[in-house]
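Naming follows writing order (A, B and C), and every chain is counted from residue 1.
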Amino acid sequence: MLETLIQGLLLGGLYCLFALGLSLMFGVMRLTNTAQGDFIVLAAFGAIALASLVAAHPSLVALALLPIAFAAGYALQRWVLNGTLGKDPLPSLVVTFGLSIVIQNALLEVFSADPRSLESGGLATQSLALPGGFAVGVLPLLIFGAALACTFALQQLFERTALGRAFRAVSDDREIAELMGLDARKVYALATAIAFVVIALAGVFQAMRTTVSPSDGPLLLLFAFEAVIIGGMGSFWGTFVGAMVLGLTQQIGFRLDPGWGIWFGHLVFLAVLVVRPQGLFPKTRG
Amino acid sequence: MSLVGTRGLTAFYGDAQALFGIDFGLDEGEVVAIIGANGAGKSTFLKSLTGLVKVHRDAVHFDGEPIGGLPPGEIVKKGLAMVPEGRRLFPSLTVEENLKMGAFAGRSGPWTLQRLHGMFPILEQKRHEPGTALSGGQQQMVAIGRALMSNPKVLLCDELSLGLAPIVIKEIYDALPAITAEGMSVVIVEQDVSVAQRVSRRVYCFQEGRVSLEGKSDELTREQISAAYFGV
Amino acid sequence: MARAEVLRSTRASRAALWIGLALVAFAASMPLWAESSWMRDFVEIACYFIFAMMWNLLAGYGGMVSIGQQAFFGFGGYVMLMLGNFAGFNPFVAVPVAALAAALVAVPVSWVAFRLQGGYFAIGTWVIAEVFRLGFANLSFVGGGSGTSLTALRGIDKATRESTTFWMALACVVASVALVYLFLRSKQGLALLAIRDNEVAAESQGIAVAKMKLAVYVVAAFGAGLAGALYFVGNLRISPDAAFSVNWTAFAIFMVVIGGIGRIEGPLVGALVFFLLNKFFSDFGTWYLLGLGLLAIVVTIFFKQGLWGYAQQRWGWTLFPTQRRLVVKD
């Protein structure tokens, strides 16, 4: 049982990385990125393509991908998504949904439907011996650590830095924030840029941990979304906890029957929605 | 040449015209009040100065250059700051963070957190509380402090007394001399005529989007003001 | 003394009504002379159109953007199949019954879905659709993950089956259009528009916002269920992946966005455009879908009211007038 719990928490680490970008973009500009999962898959394939070109260690590939992701996120928000923001949620939904379809089919064209993965340089097979007589994989542990670090970093960014203040201000009241000298378009673009860095990281880890195929995106989006809702909106640590709960639930489900893991996660998500719709750790907005 | 001036300023909300040719001037170091009934266009006028309402480029001049319709961020960098109607503090930010946001434009000058703490001690006492946890009057102090943090040359105040008790209004306006001591120019939009007359040198009266009266505060009579206020 | 009158139709729209009736009569004769592939195409497009029209009702008029309407589409399909295969229903009769079932199941679904708003409501409905899909994939008596066939129509000859399916589809199209049109012209429809424009103000005018939203959700579910049941009567084979695929919503979004959301003619124009694009380009597979996605993005950003909405604004075309114009007569 303990092993299941640990596996669940480690899986939760990955889901946290899936979810942080979604939480960030929604928190700053109320934008729901329905292409979140597809961007993760895109990053995964980007890493795979880069690795095949350069034959470098995956960590170097990841490092190279991060600034590219940052720039891509900035550009996307600045020149495409900024135009869809407003009271009506439909335009941003349709555009991101359109992007989802474009990405999936573009990847299908370039890479075909075969599942691929990223050479992890042995990380995926190494394991660490824990007291108590069992072992955990090094890669899942690494992913968990990355999730912890990213959550901490984002939370600190929001609460202690000038940029974080700018994010919170523009999310509270865009007009008055602009009165203070903020350029909302650029602030939004920075938020998405940061979200894309986490997305890239998530994509690299996903590709190392398992195989990816072009149509994986939507399922990853649902996991990210469920983690955010279970944890409660407005809080990065909430998203972290939500991801843990989801990972645990799925792992328990897998143990009971291999076909039930994901469904269990869905059911717990729905249960949380009915019983405590604000999530486990919501941040109340003044 | 006035520090802030408008010539024939017109403004629209969608298809509805709100301002019909406003001529206005504010000299350096002056305190000018704008009075008028609800809907007279006072707030719209201030918003036109700060870029929240788009107007003709040449319609508004600040420090010699035309600024009409520029983005608010650029205007505040030039030294024109506003205390908005209804305070509009950022709910997700603490008092101190709200004040720090005011300094975002990066202008240097005498106004710092310490100085604001001196002027309104409550800002220091409640610095880590969320802005919206304060009373109306205290929130107004935060809003004023936030605008001052940008070290403006001109401060626009939109309905400072709205929703506040007379004793609180007095406390806030008592701080005005400290603000103008080093030559800051101020425009005050007020519904309370007596307060407006007391604190300002000149008064404009707006009525249905037009200037119905203009003159020195201590020279205008109550009858004149009533007539201009209500358009009779 | 001036008299004020509220006008609803225009000359163009009345002409369109007659043309529409003529088209329906013409279409009804198709089984007598048209190729069976045309009729199958029509049934398929009819399903897309009804689904899109209901999605438009939900999103454009109800203000609820859902990426999960396929839950009711698939549910309608499966209920029709179960009634036909196991309860001895005539599948054609089972179609409206299945639609009703979808409408009923929408009520408990709304208890969950309505906890969310905006973009998160959209994704939440997608999760619910996934739950439906996984649920039905675990039911072995309808074939589990690989699905099953509609055996109840085995006894009927091909020509009769195809003609009946075709007429059924035609009837469903006319019924859905009439339903939506009449609903929007009614007092409830006006209330819906008021809610869409300003929910708080509408509430203060005595409009029961929550009830209206539920009503729209249930009607949209009915329509989706109808489309689903109809589709699988035509298709004869159902599987969870086909029934609950998010592509249904993707196509609906595409049709409505192209045609213009919140307008009755929007889904019509969109369905026509979609049908033509499908006819000529679907062989290109991934490139075709990629193109659709790009087109949707471009239209959303540059033609905010959709292509038909653009035409409406530019040239004042209206086929289905739901707006009331106040005309003062002296």
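Rule of thumb we're sticking to: a contact is a pair of C-beta atoms (placed from the backbone, for glycine too) under 8 Å apart; a residue touches a chain by one contact, two chains touch by 3 or more.
Keep in mind that what you see is a predicted model, and the values were worked out from it rather than measured.
Asks: Quick one: which pair of chains has the most contacts?
Replies: A-C
Asks: Taking the mean of all protein CA atoms as the centre, name the chain whose own CA mean is closest to it.
Replies: Central chain is A.
Asks: Just give me the whole-number Å value for how far the CA centre of chain A lies from that of chain C.
Replies: 33
Asks: Could you please state the distance in Å, as a whole number, between where the Cα atoms of chain B are centred and where those of chain C are centred?
Replies: One centre to the other, that is 53 Å.
Asks: Provide the C-alpha centroid distance between chain A and chain B, rounded to the nearest whole angstrom.
Replies: 44
Asks: Quick one: which bits of chain B touch chain A in the complex? Just the residue numbers, please.
Replies: Touch list, chain B to chain A: 50, 52, 71-73, 76-77, 81-82, 84, 88, 90-93, 97, 100-102, 104-106, 130-133, 146, 150.
Asks: Help me check something: in the complex, which residues belonging to chain C touch chain A?
Replies: Within the complex, chain C touches chain A at residues 59, 65, 67, 111-112, 115-116, 118-120, 122-124, 126-128, 130-131, 134-135, 138, 246, 250, 253, 257, 261, 286-287, 289-290, 292-294, 296-297, 300-301, 304.
Asks: Taking the complex as given, what residues does chain A use to touch chain B?
Replies: Residue positions touching the partner: 162, 165-166, 168-169, 171-173, 175-183, 285-286.
Asks: Would you tell me which residues of chain A are touching chain C in their complex?
Replies: Touching chain C from chain A are residues 26, 30-32, 34, 80, 83-84, 89-95, 97-102, 104-106, 108-109, 218, 221-222, 225-226, 229, 233, 259, 262-263, 266-267, 269-270, 273-274, 277.
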